[in-house]
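You will see two complexes here that share subunit A, one where it goes with subunit B and one where it goes with subunit C.
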Partner chain A sequence: MKLAYPTALSMALIMGAALPVQAQTPEELGLEISKQVNEQNDGFGDSTANMTMTLINRSGKKSVRRMRSRTLEVSNDGDKSMTIFDEPADVKGTASLTYSHAVEADEQWLFLPALKRVKRISSKNKTGAFMGSEFAFEDISSQEVEKYTYKHLGEEELDGIPVHKIEAYPAYKYSGYTRLVNYVDKERLIGLKVEYYDRKDKLLKTLVLKDYEHHDSKHWRPGRMEMVNEQTGKSTILEFSDYAFGTGLKDKDFSSNALKKLR
Partner chain B sequence: MNCFGSITRCSLTLALTLLSISSVSAEWTKRGDVRLQLQGFTDTSLHTAAQSTNLSLSGSAEFNRPIGENGNLTISPFFRLDEHDDERTHVDLREFIYRHSGDTWELNVGLGKVFWGVAESNNLVDIINQRDAVEGINPEHKLGQPMINLLLLKDWGEISLFVLPGFRERTFAGQDGRPRGFFAVDTDNAAYESGDEEKHIDVAARISGAYNEWDIGAHIFHGTARSPILTFPSFTPFYYQVTQAGVDIQATLESWLLKSEVVYRSGEFIDDHAQMVNGFEYSFYSVAESSVDVGVVAEWLYDERGDQADNVFQNDVLVGLRFALNDEQSSEALLGVITDLDGGADVFTAEASRRIGDSFKLILEAFVWANADDDPLLSQLQQEDYLQFEIGYFF
Partner chain C sequence: MIESYARALIRFRWPVIILTILVTLALASGGRFLIFTNDYRVFFGPDNPQLVAFDKLQETYTKSDNLFIMMEPESGTVFDKDTMAAVVDVTDRAWQVPYSIRVDSISNFQHTRAEDDDMFVEELIEEPEYLEAADIERIQAIALDQPQLVNKLLSTDSRVTGVNITVELPAPLTEADQLLTPEERAEKDPNIALAVAMNFAREMVAELEADYPNIKFQTTGIVAMNQAFPEAIEADAKSLLPMAFLVVIVGVLLFLRNFWSMVGTVIVVLFSIMLAMGTAGWLGILLTPPAASAPTVILTLAVADCVHLLVTLLQNMREKMAKNDAIVESLRVNFTPIFLTSITTAIGFLSMNFSDSPPFHDLGNIVALGVGYAFILSVFFLPALMSVLPVKAKPRTSNKSTLMERFADFVIAFQKPLLWGMAVVMIGFSLMTPKNELNDVFVNYFDTSVPFRVATDDVTNKLSGLYIMEYDLDSGEEGGVGNPAFLQDVEKFERYVETLDGVQHVSSITETMRRLNRSMHGDQDEYYKLPEERELSAQYLLFYEMSLPSGLDLNNQINQDKSKTRMSVTMETRSTQQILEFEAQTMQWMQENTPSIATVTTGATSMFTHISMRNIISMLSGTAIALVLISLILLFALRSVKFGLISLIPNIIPALMGFGVWALLVGEVSLAVSVVVAMTLGIVVDDTIHYLSKYLRARRERGMSSEQAVRYAFNTVGVALVVTTIVLACGFMVLAQSNFLLNSQMGLMTAITIVIALIVDFTFLPSFLMWIDKDKTSEPSKTDEAPLTTAAQAT
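Moving on to the complex of A and B:
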């Protein structure tokens, strides 16, 4: 997830300059704010993080997946990223490499450690469940402005925090959603909540992003994401830890040869 | 470590290696599994091995640690204990390899494992490692190959150069093993075209790269063929010398994966010939609004030599269905049938797996050979249909 922002002060300045509301249509305003949210993410270079994903079924039974991620920022295109799986044990050592693109199809490879095989896989599968969780592939892929069109619905308060309510319509024709409703913190310009509407325009899932931390005084990152499937009652909690930025990762660290060497 | 000799000596060495590894485990990353396997044979065999069930236990692990700034060591031992088949009771080092990484190059020295190819049914281009064929019908089980490998990393892809000092003979089911043909292969008396026998030094090179939707590789190999000719009547393997050149290509176009592997093989003891696998995989994602993915696989396998081919895929078609439930237990299944287009045999296969709890997995496999009366190779397997249950513990 790319959700990183400058300080609240500079943000207030940008917002003050960027919001001559009366001059913009709701579509223009929605796009404008979404661009700012995304632009502030630029300049992180590369990052690494550990992830723990807890799947909770209707009866409350939990199962846990652990992963590590590496991301390389690519200017004027989607990021390159790698995910290494540590748990459950039968997928330990499995790793994926993704070159995401704003408009064209992503490129994706999977490393199967027992066979030492790198397999190119189709990236068309956006709606599928990531590791059996409530997160679809399109929910966790690199978020680019061009992947949606927008509409500003208004301003309201979410748990006492003033937010922009922005509707986003997927540009990708195979998306599992008709629309997303983003709740964006007005001051910090960070996403606090997302509602996902299915192809029948019924509320499918609600994502709450919390425990934000301001890394290196530059990058806002959520420590915890809670996705609830409103139709099945199942949920998934994704926790992030050990965020690091500017770790010196290079383009060559995101090749199929590098994928084979991950441990 | 020499694992070509006595199993006892090798087990001991392995045990000591593992012991020394675990004592400094803080520096090593490790993963692996222990599996209990039960095979059931539905028909009475037409050869000396008469059991209708077979129990075996296997274990594999991979230990990996960095050495200094640019070095890395991987050790991957494997063992199987089999109730009936002495040939299947074996140990191997799948990997014992040191890697040194430079900025634009990499050197790998030791026992290694390399995969080349894109196809599902048969990877013709995958020639570096010998098959550990006693492990199963699927070609995915491989023996560690002694190698010196220099990898040159380029902007456009990579060049991989191999010197392979030392040949590994293919494993086969023994007198008391199933499934197998009428006669057990006499692995103790393997013969070679080269006077250097198993000490012949093979060489290989491959270039590969990914270009948008294309993944392309091309290779050349000169040395001992991995697949032996079985000489009649003693069923002794004969390993001839072969020069092989080939390409493997995959195009990934939304839900379509288009795949091709083509090799041209020549040598003193074989007719020069082409072999190929061409096919596709098409996936239906989230079928009927569910989380289930269904993939359709079709591949055509062809050997220019026709009836003279030393393999069973001279003109065959694989049609398969792949199911991924994408549930919490990662349930998966693959059903397939390989049909001989020249009026020959059918082979039906099924594979399925499902995680149990966090650390266990249940794996099923089945093979059925049918309509094989006119096929001299596959007719021998008609009475060898089996169902295999495996429970694995993963760490």
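Moving on to the complex of A and C:
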């Protein structure tokens, strides 16, 4: 599984430069921008980051999870990613490996240290709560252009920043959403906000991306993602630190065998 | 003074009438603010400990407000291709129900299985159109093997299956929300949201019935129950109020034999209701079924005021008094009694504010308002109105009270047998009061004319009920749900609960843990047991949570930091007594066997189980205060401590006897009865006031003996008391026809008590007066006077 990562960072980051955009249908424009964002995000090779996830329930009670992520860029397909869980203590050492694919279902393996075994997981539905948070697996897995169809809804201002407003419709049958609405910074081409609409087309969740940093003068990455469930009032804050790019990770580091040897 | 006031009323009759109509219309316009509740929680005050516990549970886990759709195919089995396709379709459509956050069915049940080190998490029924007979057999075998499904979503005989839709309604409106536009407010209003969800579900089920004519659908659940409240109110309003008005019209015509008096009464009654309900609207009172019974109660009570005034008016006119003079005279004679009886009645109803259950505060306050308005209308508007209406009364030879005369003879002749006989009867019935059993089966609050009740009974019989006992089991530490010692305790408790009577289903996290453990070990059955290490449990859960689709997460069973788990026990519909026993049993068992997880039972069932007892206790002080206040008013009105004390007997005993009669007739009492004593106190005291004041007038002003005074009292107020009692009893009998149990019990119990009160006032009271208030001049047995006086002082 590839958590919150370069191209991964949800739909938000897939948005893009509205450069030569005349005489296009809103659908073409939406796709065009998405492609450009995707291309712009490519080329990082591999990366690592630390993540802290804070779950907040209706009454404001918090609980914290920590994990690390490693991502390997795969050209012409979804990325390979690995997540290693550090906290809470009883899941320490648990690790997941995901090969995300553009069209077909992702492949996934899980290493459970208490069982000392790697299990290959087959599940069509990855729309549920990730570690009990408000993030679904599909919100944070590798986002390929082909996973959605698009429609450019218009341009507006979000907190004084000019943004593209683009609607994305999941192509995957088992998605938990009918549509997403992305707010993309026109100038920096980064996602600032995503609204998720549930199966009955009612606003389910709102994601706000903040504290962006420009790494290696190439890659914009948010330092903080806040997901609020508009229906239950629960929320999750995901914080990133220690981003590193080009760390020399190889394909063999993303094999199911490698899962067992992680520390 | 009242005379000149009455004359002024008649002089300015038109301004009085117009002013009354304008004020009535202005206040009644507040009726548009009345909102019908559709939340069973309104029956519980904000401090109710069971509500507080339940709210905490709801905050910790996924809320349990639900809609439950049961499907019963004609084919006799859920496991045929068509029905399975229907289940998938219903599950799919159920997601469209507004505010739905979770849908559970046998089709989207997340089945885990293993092939070597490959783990599969998949829906139990997928793509039903491609299922072969062998697949269906396999699915049936798996489904019947799932403790999570059997007796919850699937009957053991496979004849019925259920789709459970969990909804999360918006939080209650806050003060700040009052500033929003009506449209914005409507969107955030949980009451409107619930109605929207329910209406959508109804339409959906109607469509399903059309699409699947071979499947019978039944809809129940908390949402359906909540929506049944306003519908029960509406049905009552449509049937009871017209019936009550009919009773008034027929009753008044029958007793007063005067058309225009009936018209005047109906207008006063109507205005009293409009004023009271309008004021309730302006005050923002929320209409619950009990509060919505206020119009019927007000109508009944307001009639009494009118009857007293009109009886005197017509009597005077029949004695050839001019109409306006007759009006003045009637007002002069009746003003004080009506004022006193209105105050005592209002006090009785206001004491309902001591109830633990807010709907009864509202009922008490609205009726008290209505009684106040009825008094004002009777002494302000009615005289003016009668002055305008073409009332005629033919002079008639007074044939009054030959019946009463004979009854008085009877009472005087048999005073000793009556005294002791009635004493025995009164004590006997009163002693039967404890034979009543408290029973608040909230599903049965609705009678079988309400579709929700029928559906719920059907679903409860065939699959699983609405009686759910919740246990919030705390491991005491973050992530402690995975602790093997904790899980074993939970499993032990689960096993114990499963053996208890009436339990249909137990839902617990341990089943998920056993299932995962088996799947993680290549589906070997010897691993169908709890994981033995905490890390193992935690990692299983991590894996499982990652593989679940949205809306089917574990938050309905495990809290966010995995320190607590919820166990839900579904039961058949049970009596309050049985639930209390169940609660005590489980508590005791936990304390003895699994003390570290011992906790109280919570949930809606538990809330209703304790509501009557809490209310009876809270109403004890309310009733006591009402009794003291009403007795003080009696002391003042009768100007005698002795008679004030005597009056306590006919005031209190009828309610106790009423319970005794109830024990024989019904035997079960609900929340409603907790307020009946205070309520009837204010009403039955009227009879006592009228009777005793006439008796005392005869003794004091006319120097009559106690026997003569008894005869005088019967002659003067006997008929009026019988008439008002019949009107009141009929009015409350109308309320007894309500399809909402709390109202119907309240109505029937009040009617019984009022009739008993009249019997006591007509038999025991006079014989007691003749015994205790014997004057030296009047006839026999001076011998027992001394001890009697002592007894009276001791009373």
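The working rule: the second predicted complex is superposed on the first by the 240 of 263 C-alpha atoms of A that agree within 3 Å, B and C clash if a C-alpha of one lies under 4 Å from a C-alpha of the other, contacts with A are read in each partner's own complex, and residues count from 1 in each chain.
The criterion applied here is as follows: a contact is a pair of C-beta atoms (placed from the backbone, for glycine too) under 8 Å apart; a residue touches a chain by one contact, two chains touch by 3 or more.
Remember, predicted model here, so these are calculated numbers, not experimental data.
In the superposition on chain A, contact of A:Arg117 is made with both subunit B and subunit C. Contacts of A:Phe85 after superposition on the shared chain: subunit C is touched, whereas subunit B is not. By the document's definition of touching, neither partner reaches A:Lys35: not subunit B, not subunit C.
Of the two partner chains placed by the overlay, only subunit C lies in contact with A:Arg58; subunit B stays clear of it. Of the two partner chains, subunit C is the only one that A:Lys202 touches; subunit B does not reach it. In the superposed pair of complexes, A:Lys210 makes contact with neither subunit B nor subunit C. Of the two partner chains placed around the shared chain by superposition, subunit C is the only one that A:Ser96 touches, whereas subunit B remains out of contact.
Contact with subunit C, but none with subunit B, is seen for A:Thr232 once the two complexes are overlaid on the shared chain. Applying the stated contact rule after C-alpha superposition, one finds that A:Gly176 touches each of subunit B and subunit C.
Overlap of the subunit B and subunit C contact sets on subunit A: residues 55, 57, 63, 88-91, 113-115, 117-118, 120-125, 127-129, 131-132, 174, 176, 199. Of all residues in subunit B, only 29, 31, 33, 60, 62, 64, 72, 99, 101, 106, 113-115, 118, 140, 151, 153, 158, 210, 212-213, 215, 250, 252, 254-257, 283, 285-286, 289, 291, 293, 326-330, 355, 358-359, 361, 392, 394-395 touch subunit A in the complex they form. Residue ranges on subunit A touching subunit C, taken from their complex, read 1, 55, 57-59, 61, 63, 85, 88-91, 94, 96, 110, 112-115, 117-132, 136-137, 174, 176, 198-200, 202, 231-234. Touching subunit A in their complex are the following residues of subunit C: 59-60, 62, 95-101, 110, 117-123, 168, 171, 478-479, 482, 520, 533-540, 542-543, 545-555, 558-562.
Put simply, subunit A touches subunit B in their complex at residues 55, 57, 63-64, 87-93, 105, 107, 109, 113-118, 120-125, 127-129, 131-132, 174, 176, 199, 252, 255-257, 261, 263.
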